[in-house]
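Single-structure report; data block below.
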Amino acid sequence: MKDERLTERSVDMKDIKIAARGVQVYYGDTHAIKDVDVEIQDKTVTAFIGPSGCGKSTFLRCLNRMNDTIDSARVEGDIRLDGEDIYDPRVDPVQLRARVGMVFQKPNPFPKSIYDNVAYGPKIHGMARNKADLDDIVERALRRAALWDEAKDRLQAPGTGLSGGQQQRLCIARAVATEPEVLLMDEPCSALDPIATDQVENLIHELRQNYSVVIVTHSMQQAARVSQKTAFFHLGHLVEYGETGQIFTNPRDTRTESYITGRIG
Amino acid sequence: MKDERLTERSVDMKDIKIAARGVQVYYGDTHAIKDVDVEIQDKTVTAFIGPSGCGKSTFLRCLNRMNDTIDSARVEGDIRLDGEDIYDPRVDPVQLRARVGMVFQKPNPFPKSIYDNVAYGPKIHGMARNKADLDDIVERALRRAALWDEAKDRLQAPGTGLSGGQQQRLCIARAVATEPEVLLMDEPCSALDPIATDQVENLIHELRQNYSVVIVTHSMQQAARVSQKTAFFHLGHLVEYGETGQIFTNPRDTRTESYITGRIG
Amino acid sequence: MTDAQADGRPEGRPANSILTPTRRMKRRKAAEKRFKLYGMIAVTVGILALVFLLTSILGRGLSAFEQTMVEIPVELPAETLDPEGNRDPAEMQRVTTFSYAPLVADALADVIAAEAIEIEGLEPSDLGGFISQEAAAQLRNFVLANPEAVGTTLEAELLAGGRIDGYMKGRVTMETAALDSNVSVEQLRLADALEEAGYLKTSFNWDFITAPDASDQRPEAAGLGVAILGSFYMMIVVLVLALPIGVAASIYLEEFAPKNRLTDIIEVNISNLAAVPSIVFGILGLAIFINFMGLPQSAPIVGGLVLTLMTLPTIIIATRAALKAVPPSIRDAALGVGASKMQSVFHHVLPLAMPGILTGTIIGLAQALGETAPLLLIGMVAFVREYPDAPPEGFFDPASALPVQVYNWTQRADPAFVERASGAIIVLLVFLVLMNTVAVILRRRLERRW
Amino acid sequence: MPLLWLVLTVLALAAAGFFVARQRALASAGGEARKLHSLPSYYGFNAVILTIAPAMALIAIWAMAEPTLIEWRVSGAIPESVAADPGARSLIMADVRRIAEGLNTAVEQGALTAEQARDIGGNIAEVRAQLAELGILLGSDVQPEVLEAAQSYRALGTTGNTALTVLALLLAIGGFAIAVMKSDSDFRARNSVERGVLTILVAAASIAILTTVGIVLSMVFETWSFFGMYSWTEFFFGLEWAPQFHGGSELGLLPLLWGTLYISFIALLFSVPVGLFAAIYLAEYAGRKTRAIAKPMIEILAGIPTIVYGLFALITVGPLLRDYFAEPLGFGTSASSVMTAGLVMGIMLIPFVSSLSDDIIGAVPQSLRDGSLGVGATKSETIKKVVLPAALPGIVGAVLLAASRAIGETMIVVLGAGASAQLDLNPFEAMTTVTVKIVGQLTGDTDFSSAETLVAFALGFTLFVITLGLNVLALYIVRRYREQYE
Amino acid sequence: AVAQSRENVQIAGSSTVLPYANIVAEAFGENFDYPTPVVESGGSSAGLRRFCEGIGENTIDIANASRAIRPSEQEACAEAGVTDIIEVRIGYDGIVFASDINGPDFAFTPAQWYNALAEQVIRDGELVDNPVANWSEVDASLPDQEILALIPGTNHGTREVFEENVILAGCEESGAYEQLVELNGGDEDMAEAQCMTVRTDEAVVEIQGDYTETLNRLQADPNAIGVFGLAFYEQNTNALKVATMSGVTPSTETIASGEYPVSRPLYFYIKGAHIPVIPGLKDFARFFVSDPIAGPNGPLAQYGLVSDPELAQVQQTVEKEDSMEMPN
């Protein structure tokens, strides 16, 4: 525990975008996230790693209050976006989510056309003055998500008729189309081939110039490639959080080490 | 084309479990699978690789006629399981699917308890004489899918309340519980951490002793690790099919080479 | 190909071929077949029941759309119709239909004489009953509208009496007439003779659709005009109120209401409203809309409001079920891109729930259209002969309704009304089908799998 | 200002508000919609709501409260000599109202000038005749006091109208101004509009509650007076239903309740399987064409007037069941029976179950079916074990609706099951239901203030409570067995 | 509140009076400038209930009833301000016993009906459940036919007349009444109640609905004997055979003369307070009871109404707007 604090201190120089303190999540009686403190920096890619079921998605969903939609879920603790408590009753979760976008673990396109899937966010946020604007936004988002070539001839076809990987990219396009300040991506490349993965990673790099990105991934290589900071979760605890390089080369916690070297799952 | 034939012939010594010839799949007007010939050997792991959207899932779904459930999908050509045409009108797809099991790309647990999810197949096929039998089967399947430790205390909790990776393993458990002769796995490890992946790969090895396994994967490493034969799809074509070693070390088609070396997506 | 096949086939036959089902498979397949068969039987039962009911309705009611008319010249003598002789409508109005009735009988007698029709035992009194009593009113209206026609002979097309009409349609026969105190065999013979001479003819009965109801003595003149208008007005009210209110209430309960005791109570309450006998809604309507709010009686607005309250639970139950069935992942997707709850509901969930909502509407409206009991207490189960005005005033005028007309006519003593009632049911069903067509088409287009 | 004009003015103001607010908001963000908190149109709608809502609320409240207030003022002013007791006072007030309204109408129609109407007190005798000519109903000859009251009623009404106009316009303009002023980039217009919409949704939901309250209120007093005339123990536990004209009626609930439950049970026993299987067939097996035709066709069954079903029961089904089942099996010789009514009602209820269930089954995600088919389940197994449990809430809703309809049905029961209240297990015996007796006693010839008529209210009330219990049970079942998919 | 002045006369009430009211309303509409009155059905009780809701535009003007208003109802009326009620008797409704036209002839006496339908009858000085199942068991003169009586339900006014004029009369006629009084130790009320209790087994079907239901049931079961209004029978003479009662065949004449024993008076009630203000109300009432309409040769009699022998007196009542006495 101590060293985690230390780690945190060492990064305090950069702007802190999201600060979570003492976060607890319960699903009914199950304690899924146990007292997690973490600070997510601005203009940084943070990777969440950890074995399946350790609570990565759960924690991620806390950051834009998507857990509100799960009846049984209960969140405690303090999470601040730019210093403002996002669980404050005065906070409008809608506004929060407009600023903190999300790509879900399971691709969930709307049962609408590909175009409408991407255009939906920009439309409700008033990002386009006219149809041409909107077309531009959609094209740009699809290009960034590396789907444009496959989708350009079938923009009016339903998004649910895409292949698994295509759906995943569609959801990425949908999320980036609204240009959120923070983008939470829950295993965004799980169904993608190496090339598409590469393109999405490039996108992440690009986003980092202005925004901050949190990515959940099971691929150590990917975490190492794209992220500057890495958080390792295990059984609901945040075991270790620090510079990615340090985590992968010189983990302080034995559990982290075991996981990275492939000994615990 | 010529070399493909060659490849095929070279594997003819082993039993052929599934033989597909001239398979075409259309989604409405889209031609998704173009004249694919492939022979899947018994007691072998075959990997399907290829960029996202190239038709891997579509072809996989042909092998146990899951495409029947998509209204717009039309399958042509000849697919034989143990020499019998699976699209023969006399064939009951149900019996076919009992022998050719499937793990879908998107985890789709039933909204039932974890136990019921796994017990569902065995119950339908009358594989358990009594409750104790069934308990055994469920436990064994969950163990093989590396989910037992996480699930054993919550067998009665709903399967939809699991994490993404847990759901994926649940679906694997559900599929292996019925002991199919051929197991079609569509990116079974996409949401799994390295350890869980390892365990599933072990499971695949184990299954290969008696059955044949077809696995779709985006990870070349995984394909190389688990499969004996690899098929590379591209834009609906089967570009190359052969021994895994040969495909990865000495691909005959330039497209294959480009893909493996990460140049086309 | 054959080559490969030969190669590809393993040496021994596989343990179980997919071409030959295993025993267990056979059993399961049989179960599957049975299951599907049950489904088919169920659909067939439904459709057969419909076909049976429809044929019986059509069989009994189609004849209502035809009407026997008598075309004879009627003298309009000035001495009876305008005794003062100055063609002043106000004076002529004092001559009642009672004075017009004999003119019709006289005209018939003239025709018989002119055509030299001889029927044994035909009494003079038989002539009066041969033509509908409506004829006197028809003539009087004509004369009051055209005072100058007095003194001339009018080529009139008059309604034949109910039983004569029945004879032409085969409902009344010589045998039944012999026993019937309201028609004589001689009258039927006269009908035959007149038909031969070309005075009697049968034509499509527009009046059945446009004319108002008639009293118990004139089944041949009874029509559905007022009832159709009344039903139409009521359905407008129901559609305009019940659908939006029902959908709004469902959205609140399903998507926004905090899940607590109170909403549980509300939920139970609404399902319970569906079980309230419809007549109780009549009691409610009388108490609230007429006695408390002072709305007029027998008015479509009140009927529409009562039926709205009655239909609401149906629409709410259907809508809630449809909303519940939309997968939560779609809501998540919308919320995830920063849509508000309200937007996620109106942009995504509601459109996907639309088929279910439309089903609820179809069933609710069908129920509302066919309901009589609640109208009983608010004065709409009534004999109404005046057409309601055009909307919006018309909503407040007395009117009846199609099911009311059916109900009233089935209660009347003259068997000719049985035919009318069945005819009214046909009109009601046509009305229903027309009303539902939009919903059905829309529903079909909106159905979507995910 | 006449009400209509007032309303139109407010609406026009609202429309103006929409554009002004929207424009102002956009301007505050330099024409960049993105910089606004909400979409521009939300600012517009916010202005519409702020302009309309308070003014309309005032108008509505005023419309409801004003007559009562004026009445109270005016009726207080009527001297004791004219109206001795409250009953007479209310009668006189009815007259006052009518005269006042009549005079207003007269002025509107130009029959009288405003001055004439005000001074009409002079020739009282003529007032009545004059008003009658205009079709205004007066109960008795007009007394001077009454006329005076009517004039003051009119005066108050005029003052009230002016006040209302001023106040409502002030409110509308105020709302307009506030909305427009608030419309800048930081204002949370969407939240504000959504609060408005939510209010509408809540209001819609509360209509259902108000209906319940109304139903309870419209029955509770009569029920109360019924229990003043008839012992509640005999009502709730009586085994006989035999109303008499000369008193001494036996009004036991149990035979009616038994009949209701029995007939509904049989109707559901028929319609639920048939409806459910039809739904399953249509949703899972039938082709698109078949479905597009069969579903609306079956729905027509719900719209056929119940009298047709009743006659079908009486003429066809009843004798059939008697001749081929009841008599040969020794169940009696009654053509009217629980069975007849139940079966025929069952036919009517098929679409209630089938159509709703069909929609809900169609909404179950395909991936669940795939999952089941993928492990080698047959279609029917998939449906039974995966699809139906997932569709349970909707199906229960459909069944509840059917049950409700069965409980509330009259005509089919009357013609199919007869009207005699009996407690019997034999399904081929004639029985009747609570609803039938509610209708019968309400539309019958018994003295309307006697227990025999009032029992209808008690029956209605009791039925209400009982179905409430059944609904609680259904809710519990759904909660318990619901399988929520993702 | 919506202020709209009503132009038409509004009538509600008895379904027995309804056809007559319809006929009159129709003729009234044809011959006068007033709009045709609106006539609702719904039953005497419901009609009177609406009638007594108060005075004013949104209440009815006339209530039809197949029985006289009861004192308690009048009180309820008065409480709501309806004090000025004019009672108009329009004639009588005969009640006939009819069976399928192809069946045997029946000539009944009240005593036979009592013996056939009483819940309990006296056998050997003791009260036993009625054992008879066939008309010939009731009386050898009656045909050999199963007893199946379609009698009006207990909510129906015809039932009251049936019980009093047929069953109770039969009970007295057959001497059972005296025996019952004796059995009950002189309690006449008790005896009367026992007389009038009708059996509820398969021999009796209570009709909740209307005469059409009875007619349909008759057709469904040829053994059945139905209890009808005379008017209804008159319209269906080709399907029904009417039975005599104590040797008298029912007809408007025999009923008017009082020979035929089973009939009931029909009324309508006018709200006095509405007369001056509802256009056409008085004219309608006057028209209704006028000789050409309600007289023995008028359309009402033609339809089956037994014309009131004291019609002139009724016309006087209407003319003078004589209100009923309030009960004390």
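Should a chain be cited, it is by its letter among A, B, C, D and E, assigned in written order, with residues numbered from 1 in that chain.
Throughout what follows, contacts are C-beta pairs under 8 Å (C-beta built on N, C-alpha and C of every residue); 3 or more make two chains touch, one makes a residue touch a chain.
A quick note: this is a predicted structure, and the numbers were derived from the prediction, not measured.
Considering the contact criterion stated above, the chains in touch with chain C and with chain D alike are A, B, E. With contact taken as defined at the outset, chain A and chain D are each touched by B, C. Taking C-E and B-D together, the chain pair joined by more C-beta contacts is C-E. Relative to the centroid of all protein Cα atoms, the closest per-chain Cα centroid is that of D.
Look at the CA centroids: the one farthest from the centroid of chain A belongs to E. For chain D, the chain whose average C-alpha position is most distant is B. If you average the Cα atoms of chain A and of chain E, the two centres end up 82 Å apart. Note on chain placement: the centre of chain A and the centre of chain C lie 59 Å apart, centres being C-alpha means. Within chain A, residues 94-95, 106, 124-125 each touch two or more of the remaining chains. Within chain E, residues 1, 6, 42, 46, 57 each touch two or more of the remaining chains. Contact with two or more other chains is made by residues 28-29, 32, 286, 328-329, 340-341, 352, 376-377, 410, 450 of chain C.
Pairwise, the chains that make contact are A-B, A-C, A-D, B-C, B-D, C-D, C-E, D-E.
Those residues of chain E lying in contact with chain C across their complex are 1-2, 4, 6, 8, 10, 12, 15, 18-19, 21-23, 25-27, 29-31, 33, 35-36, 38-42, 46, 50, 53, 57-60, 101, 210-212, 231-232, 234-239, 292, 299, 302-304.
Taken together, the chain E residues at the contact with chain D in this complex read 1, 3, 5-7, 14, 42-46, 48-49, 52, 54-57, 65-67, 70, 72-73, 75-76, 79, 81, 153-157, 159-160, 163, 193, 196, 200, 202, 204-209, 213, 216-217, 219-221, 273-274, 276-279.
On the chain B side of its complex with chain C, the touching residues are 12, 15-16, 19, 21, 39, 42, 78, 80-84, 86, 88, 90-92, 94-96, 98-99, 124-126. Of all residues in chain D, only 33-34, 36-40, 188, 190-191, 486 touch chain A in the complex they form.
Across the interface of their complex, chain E is touched by residues 67, 87, 90-91, 94, 98, 101, 105, 128, 132, 134-140, 242-246, 248, 311, 314-315, 318-319, 332-336, 414-415, 418-420, 422, 430, 432, 436, 440-450, 452-453 of chain D.
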